[in-house]
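Alright, structures below, take your time with them.
Each of the two complexes below includes subunit A, the first together with subunit B, the second together with subunit C.
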Partner chain A sequence: MADHNPFPGENNTGHFWDDNIRELNNPPPKWWMIALWVSIAWFVLYGILYPMYPVLPWQSQEGGGFTKGVLGWTSIKEFEQGMEQVAEVRAQYETQIASMTPEQILDDPGLTQYTLASAKVLFGDYCAACHGSGGQGNPGYPVLADDDWLYGGSMAKIVESVTNGRKGAMTAHQNILSEAEVDQLSQFTVSLADGGEGSEAGWKLFNEKGCTACHGQQANGILAELPDGTIVTVGAANLTDSIWRFEPGGYESAKHTILYGVNQPGVEQTRDAVMPAFGDSAGSLEGKLEPDQIKKLAVYVHSLGGGQ
Partner chain B sequence: MSDVTTASVSADHRPQLAPAGQGGGPDSAWRSPWFLGWIGLVVVVVVVNATMITLAFVTNPGLVVDDYYERGRDVERSLTTRRAEAPGWTMSLDTPADVAAKTPTMVRFYVVDSVGQPVRPDQVTYYAYRPSDPSADFSLPMVEEAPGRYAAEVTFALSGLWDTLVAAQTGGQEIAFDQRIGVADH
Partner chain C sequence: MDELYAEAHHWEVNTGGETIHAKRMPGKWRRIKWLASSVWLIFFLGPYLRWNGNQAVLFDIPNRKYHLFGVTVLPQDFWMLSLLLLFFAILLAVVTALVGRAYCGYFCFQTVWTDVFTWIEEKLEGSPPQRRKLDKAPLDARKVRVKVLKHAIWLLIGFLTGFSFVAWFYGAGPLWRDFFVGDANVAVYASVALFTFGTYLLAGWLREQVCFWLCPYARIQGVMLDKSTVVPAYDEARGEPRGRLQKGQSSADRTVGDCVDCNQCVAVCPTGVDIRNGQQEGCITCGLCIDACDAVMDKVGKPRGLIRYASLDEVEGKPVKPMLMRARVWVYTGILALALAGIMYGLSSLEAIEVKVLHERAPLFVQLSDGSVQNKYTLKVLNKSEQDLTVRISAESSAPIILLGAEEPLLTRSGEVTPMIVFVKIKRSDLPGETLPVTFHATTTLSDNTEIAAERESAFFGPSR
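Let's look at the complex of A and B:
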């Protein structure tokens, strides 16, 4: 840096290097200064309009230690407004659903689409744990995506099942039947499940021992068919198809069920087959489903493939 | 000197490049589009090869199984042992069909014995293996929801193929059930 200014009147800062390199005192470009002032103004304006600074505890306004901004904007408020908009869109569908029966919903393609999308979440929350994410069933839990129904696959029956739950019941025959009879009946059910006719002796024993009381005269789980097509069952399995209520099925499974029954108190190895009630009949709505939700689920389950 | 004389033909009919000392001159081979094109081709091939080799080294995830040789050697024996020890359980792993990356998903494992009664193993663990990258592998314990029914909330970090496996430990024995799944994009 030189002590004297060899370039007087040039508007330099007085900083020199190597005799002729010097720092000039030019103003910044105009556009740059405009941008600077605009950004400062934006900062101030933003601070006035929106929440910005934390404040000391004794200065804090109600609800938190920060400046609130004159617009009173908060992210949670924005979220709630968004949710209100969603609710408005949903409301028109929900109102319709509330006043319609599940069958009527199914007749309206637009409403059905909404119901299925809405019920998918409900199904995941309440049904999928046992019946599988796609209603495909699981070992020990019935399939919902086929047309094999224990309690009937009509919309009314599905609503009834979801609302009140189901509890299977079958007597334990360990002290009622002889070993040979259990063996014969087990083989009889296996033969029916494999598509066979069943032996004459098997049918005889099946009738004699009262199996028909629940499994029906034809062992297909149907006790009676009313004139309007309604099927009367008590939830006993159809023994004439290849679907086993208790997987893996086959001789050993059948024998176990005959010996120890289903949901028999005091029988240690009895089958557990209970579906909880999801309606409000249990007295508490907590964790349970509203009637409209049950309606939606009925449409969903009915549409999984096997609705009757 | 005209272009025609850039390469002269010798007595043995082999083309000869311009005489030494004229490297950068108008007669240089570096001015021939054929020569440059050929060199360019070779350079491209070499660069692509180098890039691929570098990528292969840099992104190499290592071996998925460390003792691959021993396992391969013992495969027959372990299969036979496993078959002999298999308790005849029926198992099922329910992974939702629409499972997506970076989204918590509930997976459930179901197990019943040979007569269809629920089994309650001592411990049930969920393993997820990324076939191409062991650093993404993870495992977590499954919680019993009901006898024979176990659940875990899993989040897959990456979309694509995953090999999932549930190991049920009971009395020192480990029974495994595997399932290959495709995870959609987030």
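Let's look at the complex of A and C:
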């Protein structure tokens, strides 16, 4: 720093380098200073209104944390308010759904739209693990998007299946039938599935061995049709269509099912076919879904492509 | 080095430490500036324009409908907005390349509003020296009266600006009806308040500071100008060395240049620059210094045009490239034409209905018990018309298909997207391969009996062989 200022009247700080380079002392623009002070005021005010400043451990009973702000704002409160608003929007639909049958819901396009959107979430939470995200059925589980129903595809039957669950049953025939008989019955079901008529010997064996008791006289899984059109089944597969209940389908699959049955205790290789109950009545998942939720799911499943 | 420090002295002016009180002088460019500014009357009067009984241009944000002279644009058509923005961005570029910051000098709201604000200031407080005197004068009754009146008028203009702006979005009629009785919503009051005080602050107080420090366009202009760009330029060869006019000296006796160093060009400059230092960041190319210099040249009996609109090449005496020989003119014009063509195409091909087809992916297809294959589609039918429409859906393909779920026509509300789930069934034996194109048709009849149709191609999926 020079003792003598060679550039007087220039508003420099008195700092010089290389004789002619010097540091000037020009203040920042006024608007810039105003903006700075407004920002600082904003910072302080914000800190008073909203949670902001850290609190040191010895300054509070909870041992730290932060100032809560005089407005008492928290993100969880904001979230809850948002959820209340959502519930308000939903309420008009929900009250309608509560007083309607699934069929009535399906008749109202606007309500159906709401129900499908709402049930999609439920389906993802409770059903998709086995039946696939779009009802396409994971391997070994029933496809919900087709028109083949073990227990019926009417709204009432779907509600029943979801509410009470389902448990398939088929005797293991490994000790009942001879190897030749198993072979013959397996070939018989494959021929039916391929659209064939089935051999006379096959039908004879099918009747003799009591398969009709569950699969019906026509092997289509229907035991009887009541005068009001209700179809009576026990959940046995329709053997005459091209859809196979157990993957991959065909001779080996049929043979396996005949030999070891479905849900047979003590038979190691038996087929698993259990759907838990989601409704209020019984089962391990008792009360997991409200009746209205089941109603929505019924509409959703019915609309997947094969509802009757 | 010394130049740098000399510039530092001017620094106070450039950062708003000293208010610029620009002198107003009449002239050709002053008149053009008023004419150009009057374009903004559209901003104030436009919302009152009617078209078929509705506001001609209304940007209805809550309902997401944008009405332009009978055409309704929905958010789905917003690709046209990007072309519109491209058009104006390139227009700005081409104008800047040709004639510099003409937008800044003549059309920019900052320039225009500041011009009006300072005009009011001059009417109330007097000429620049009187204004400077008044600013320094102690507060007395007259000063208070003049200042209060000035700020009140400024705020009123700010309010009118905000009110007119909101009218484009809220509708002028409803705004007049709702605003003054407190029936408009919070967003309306907040927007008007923001614009009122924003206008007041930016045009009343910040003025040229906005151009210097806030405006990004002022910064990118540097790369858009070149030596053939026409800007207000000081003819240095003719003007220098500058010298004051001596009393009694005839112009023929002058040994110095034509510039009489009267400083009028600086006095009239709204951003406080000295054009004789050449084109610089503060210059908004408004041409007011040309008017000032021409008036002085007339007085001292010299030809006009010491400061004039000229390119740097021209001032330096280099050959001037004709406009059509410049590559950027062609490139910019090409982009402009493309954007314009796109917008024209978009506006002319706006159909009343639009159908989108979403193929279900989980599962891609379902095998049915009768051996046929079924695909599920979600159709989204958009009704862009002003009326509710009943839309009939059909599907066709090269193989025989059965369409399920579209037996009843679909009711679509005006301006809404209505989803619809349909199924297509094809016999497995009819499927030529794993996929098959399927075309969905949506047809409807408008109230004036015109048939409207939309179609969308999708695909049908089946099992692999």
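Here is the rule we go by: the second predicted complex is superposed on the first by the 266 of 308 C-alpha atoms of A that agree within 3 Å, B and C clash if a C-alpha of one lies under 4 Å from a C-alpha of the other, contacts with A are read in each partner's own complex, and residues count from 1 in each chain.
Here is the rule we go by: a contact is a pair of C-beta atoms (placed from the backbone, for glycine too) under 8 Å apart; a residue touches a chain by one contact, two chains touch by 3 or more.
For clarity, every value in this text was computed on a predicted model and none was experimentally measured.
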Check whether A:Gly249 is in contact with subunit B, with subunit C, with both or with neither, and answer first, second, both or neither. first
Using the superposition on chain A described above, determine whether A:Leu24 touches subunit B (first), subunit C (second), both, or neither. second
Considering only the touch criterion stated at the top, classify A:Gln264 as touching first (subunit B), second (subunit C), both, or neither. neither
Does the superposition put A:Asp272 against subunit B (first), subunit C (second), both, or neither? first
Subunit B versus subunit C as contact partner of A:Ser191, first or second or both or neither: neither
Using the superposition described at the top, determine whether subunit B or subunit C touches more residues of subunit A. C
Quick one: is A:Gly134 in contact with subunit B, with subunit C, with both, or with neither? Answer first, second, both or neither. both
Just to be sure I follow: which residues of subunit A are touched by subunit B in one complex and then by subunit C in the other one? 132-134, 136
Give every residue of subunit B touching subunit A within the complex, in rising order. 90-92, 94-97, 106, 108, 110-112, 114-118, 145, 147-149, 151
What does subunit C use to touch subunit A in their complex? 1, 5, 8, 11-12, 15-17, 206, 209, 213, 360-363, 366-371, 374, 376, 411, 419, 421, 423
In the complex, subunit A touches subunit B at residues 124, 128-130, 132-134, 136, 138-141, 244, 246-249, 252-253, 255-257, 269, 271-272
Subunit C partner contacts - residues on subunit A that touch it in the complex: 7, 10, 20-21, 24, 26-32, 109, 113, 116, 132-136, 143, 145-148, 195, 238, 241-243, 303-306
